[in-house]
Amino acid sequence: MFVAVFPEHHSTLLELKPSLAGKTLVDVSNGLRINHDGPSNAEQLADMFPDSDVVKGFNTISAWALQRGPRDASRQIFLCSNSSKAKSSVMQLCRRMGFVPVDMGLLSSSLEIENLPLSLFPSWRIPILCTLFLFILFYLYNFLRDVLQPYVTAGKSVFYKMPIETVNVTLPSVALVMLALVYLPGLCAAFFQLWSGTKYNRFPNWLDRWLTCRKQFGLCSFLCAALHAIYSLSLPMRKSTRFKLLLAVRQMKEGDEVWVEEEVWRMELYVSAGIMALGLLSLLAVTSLPSVANSVNWREFTFIQSTVGYCALSMATVHTLLFGWGRAFDPAQYHFLLPPTFVLVLVLPCVALLGRLALCVPCVALRLQQIRRGWEKTRHLRFRLPEDNCRNTLDDVSNV
Amino acid sequence: MFVAVFPEHHSTLLELKPSLAGKTLVDVSNGLRINHDGPSNAEQLADMFPDSDVVKGFNTISAWALQRGPRDASRQIFLCSNSSKAKSSVMQLCRRMGFVPVDMGLLSSSLEIENLPLSLFPSWRIPILCTLFLFILFYLYNFLRDVLQPYVTAGKSVFYKMPIETVNVTLPSVALVMLALVYLPGLCAAFFQLWSGTKYNRFPNWLDRWLTCRKQFGLCSFLCAALHAIYSLSLPMRKSTRFKLLLAVRQMKEGDEVWVEEEVWRMELYVSAGIMALGLLSLLAVTSLPSVANSVNWREFTFIQSTVGYCALSMATVHTLLFGWGRAFDPAQYHFLLPPTFVLVLVLPCVALLGRLALCVPCVALRLQQIRRGWEKTRHLRFRLPEDNCRNTLDDVSNV
Amino acid sequence: MFVAVFPEHHSTLLELKPSLAGKTLVDVSNGLRINHDGPSNAEQLADMFPDSDVVKGFNTISAWALQRGPRDASRQIFLCSNSSKAKSSVMQLCRRMGFVPVDMGLLSSSLEIENLPLSLFPSWRIPILCTLFLFILFYLYNFLRDVLQPYVTAGKSVFYKMPIETVNVTLPSVALVMLALVYLPGLCAAFFQLWSGTKYNRFPNWLDRWLTCRKQFGLCSFLCAALHAIYSLSLPMRKSTRFKLLLAVRQMKEGDEVWVEEEVWRMELYVSAGIMALGLLSLLAVTSLPSVANSVNWREFTFIQSTVGYCALSMATVHTLLFGWGRAFDPAQYHFLLPPTFVLVLVLPCVALLGRLALCVPCVALRLQQIRRGWEKTRHLRFRLPEDNCRNTLDDVSNV
């Protein structure tokens, strides 16, 4: 029998108790809010009907999918029960309906199953808020420098830059800062271990949380970088480019030097570096797809996320440095005394790259390796996790 | 023993019957055409050899993969049997060969397993045909308006527009119409429920089928939109753009006004809206990958497919409206009295967006919510699916 | 108890033997290098503690993930044991920790599980080396023809072409040659079967290895093609394009013919063919994602990889042929007597396409079909794999 009643109303079923003995009860109910403490609805039901076999499941599937068969959303049905016979008969039922049953073990997993359908991207909240905050910040800054400043000081109206050009300066700034934020927590963790001289001190809470949402930070960065690429590629097809070119032709005089070798080199180099950075970031993004991540082993995953990742960060930094190319020291670029955006943006990536370099200095690297193999400054031998003997955990934190 | 004989020739095995008793028979045969009625080959075999343990499997794998080990195609081997002992020993065999055995339960699933390798994208047929039909229709229409009309009326030969420019007007039209077709069936379903005053009436058959291939419609729309983006970005690199610019320079006279503020704003705005629509569509497309869809819960899936989806549809509609920008009312645009393509294209998306807005009007939204919680106009209390108590199924049909 | 000790030190555990009897031992150790011969660490442990239930597992997960719960990398824990009771209790433990246990069967699978975390993209090594080799080769060739030749012969310095334009001629060359290398081994296999007159001769070793890394060749080709697309789209936004245009305007004289119809047609056609080839390649790339490949059956996979694949190859060849458009026969293009790159690049794809056409000639196709159904030239009836009866294995080798 399927039970979809709130725990408060379980007592209404009590009169059926004798006839339910020995039968299988499937609890399909959901909580109204996330329940961390338990007991789960299914456990309450099992307490009330000790003679029935309670199976938890089907709560993660929409009612429509149950009626009409599986749809495009997840086909997995998470099941758990203390009776393996009842569970396997419900699993067979799932398969007949076209779903994929996933065995979650004993009924003690039911709390987790009940909480599953209630969350809405919990691990994405901070990265998305961070992206939005940075976007708004940089957009306002660029608006002030590139649009408002010419209007206020010279009366030149360039408000047409707002939908594309200002966005296109903002997006790469967000992308580069977010990419640096992916690699900074690992460096923090490494320096924290060097400072405390042991790997057995827990990281502070903020660092632990930061370490766990690096993937989301990275994907937000990739999204901004990809949009930046499309915006940049769309620049020459705009009417404004055409009109500016016609104006340039009209104002061109006979003796003018048209070809500026330095400008040409700067642009060729930074465009090329940017495309390569985007290519590397795409590789990282593809590897973070669940099915691809499941098909590579831990060593390959570390190689891609760490080695390829630092290559992408370096390439993106080179892209920005080449874009700057001496303009950082040109006072004419400091409208309203505000430095150009790329100067601000380069701070965090440079810190991350220098930090990584510092960890490569032989004596630092050696000490870190010792610490990660279990060595402690205080020489006080504590309990060691057994796997430390077998695997160099150097890459665990700082490299991934 | 492995059996790969057509059911007609099963009798040739009968003489082996005594020696096969108690052994495991693996039926690897496939049908020649899809069999809906049964019995499956494996069931026929089991009837003939009641003393053997019949296991169905390996029929979904190519003979080459069986000889040389798993390849890039699916590594899953679907198995079913009434004997769990025989099944688990075949599963162990699969694992040794490097495949991933998938337990499909009892031998009654064998019909489904036998039909698996015979279908060729059944759910894609209608969406692809629909895309092709719309493409040809819009291509001919655009060819008539943009290429043939200037040739017939003014003798101007612009046939060079056929490979890129005409395709690039056709692709976004197809993309937008297909995107509207993703969201219309959900609205139809909602209005059908409002009209019939209950959620327990079955939808008409065409609506049910339409609802089940929305994902495929969406992905076809995304493909067209992405190709449209690449075609658009390739416009300025063509020789024809360069030649046109040189012609414009030659014909430019001293007093001409070169900078047309309205044109500039129109283009900046619609390009920006288009890029954002493409970004949102990419998010939708990534979420429809099976491994990503499996890793989000039902609430998250609904949020992305419904909220983000309607954002993408609105953004694409805004992109097209800005592209139009007053030209819809310019009689010069009506070659041969045919309206510009974007006017025709906007009909369905506007219907979809207005329909969605209508469902947000408080009294309509409330009634719909009541209906989806089980309320009926006829006040006739029928059997309710149990899960209705626990979940607001508002989103089941209209939002997904 | 968890055991993470090297096999050499297993003896240190011997004194615990009496107290471990009947307990579950989980061997989490890894080897230091890939071990093909066995016995595995877990098997050595099981030999030493015959009274304990040895379970192999957890060795593929990083120590940090074990401490803090699953992270973005693979959540799968591969387990094997001869005791199903011990295995299922460890599986339940895995699920409580948030991991996904994968049952690998008996302890004889432990050698495979121990080798899992030690490999670093073994199937990617040859394709990546091949891509790099071709890239360097073509880059040097193009550098010689396009940059060095004008400098040496005419003193014209066009070194600015190195970061973008030379790369952008090199990338499509690599992409097209790699794509041809995807389809050549299948043709070789078909001709080998025609020549030897049977399907039961083993392919030579190099062919077998080549056949198994076609997917990786294809993905490398797609990466190059995608980068080529972005590089090409970025061409018109460079300063050098702008400067060249201004120079062209200055040198333009009154009577000059600006519009060259043939140039316009050539460019429109090859750009359009190139975009379509990229679209088809993207479909192939998406289908090779593990989760998508698992959700299509073998017939659908063959259709995409073979039919769509040959369409992509043909389209890419047409793209290159249109790009050439008569220039192959223009002696002015043969700097230093070196033919233009596209002439060299077209050799392999044309061989592949002609070979495929040859296999479509009725008498050849018929013979091949006979061979693949088991017919042999020598009329010597050997052992047949049973599934040959049931499936036309025509597509096994040449089409996939």
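Labels A, B and C are assigned to the chains in the order they are written; within every chain, residues are numbered from 1.
Going forward, a residue touches a chain if its C-beta (ideal position, glycine included) is under 8 Å from a C-beta of that chain, and two chains touch if they have at least 3 such contacts.
Computed from a prediction, not measured in an experiment: that's the story for all the values here.
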item: Chain B onto chain C, rotation angle from CA fit, given as a multiple of 5 degrees; value: 120
item: Same or different contact residues where chain C meets its copy chain A, judged by the half mark; value: different
item: Separation of chain A from chain C, taking each centre as the mean of its C-alpha atoms, in whole Å; value: 27
item: Chain C, residues touching no fewer than two other chains; value: 233, 236, 245, 249, 289-291, 294
item: Residue ranges of chain B in contact with chain A within the complex; value: 104-106, 108-109, 208, 212, 214-215, 229, 232-233, 235-236, 245, 248-249, 252, 258-261, 263-269, 271-272, 275, 278-279, 282, 288-303, 305, 385-391, 393, 395-397, 400
item: Footprint of chain A on chain C - complex, ascending; value: 2-6, 28-30, 58-64, 66-68, 71-76, 91-92, 95-96, 116-121, 160-164, 167, 223, 226-227, 230-231, 233-234, 236-243, 245-247, 249-250, 289-291, 294
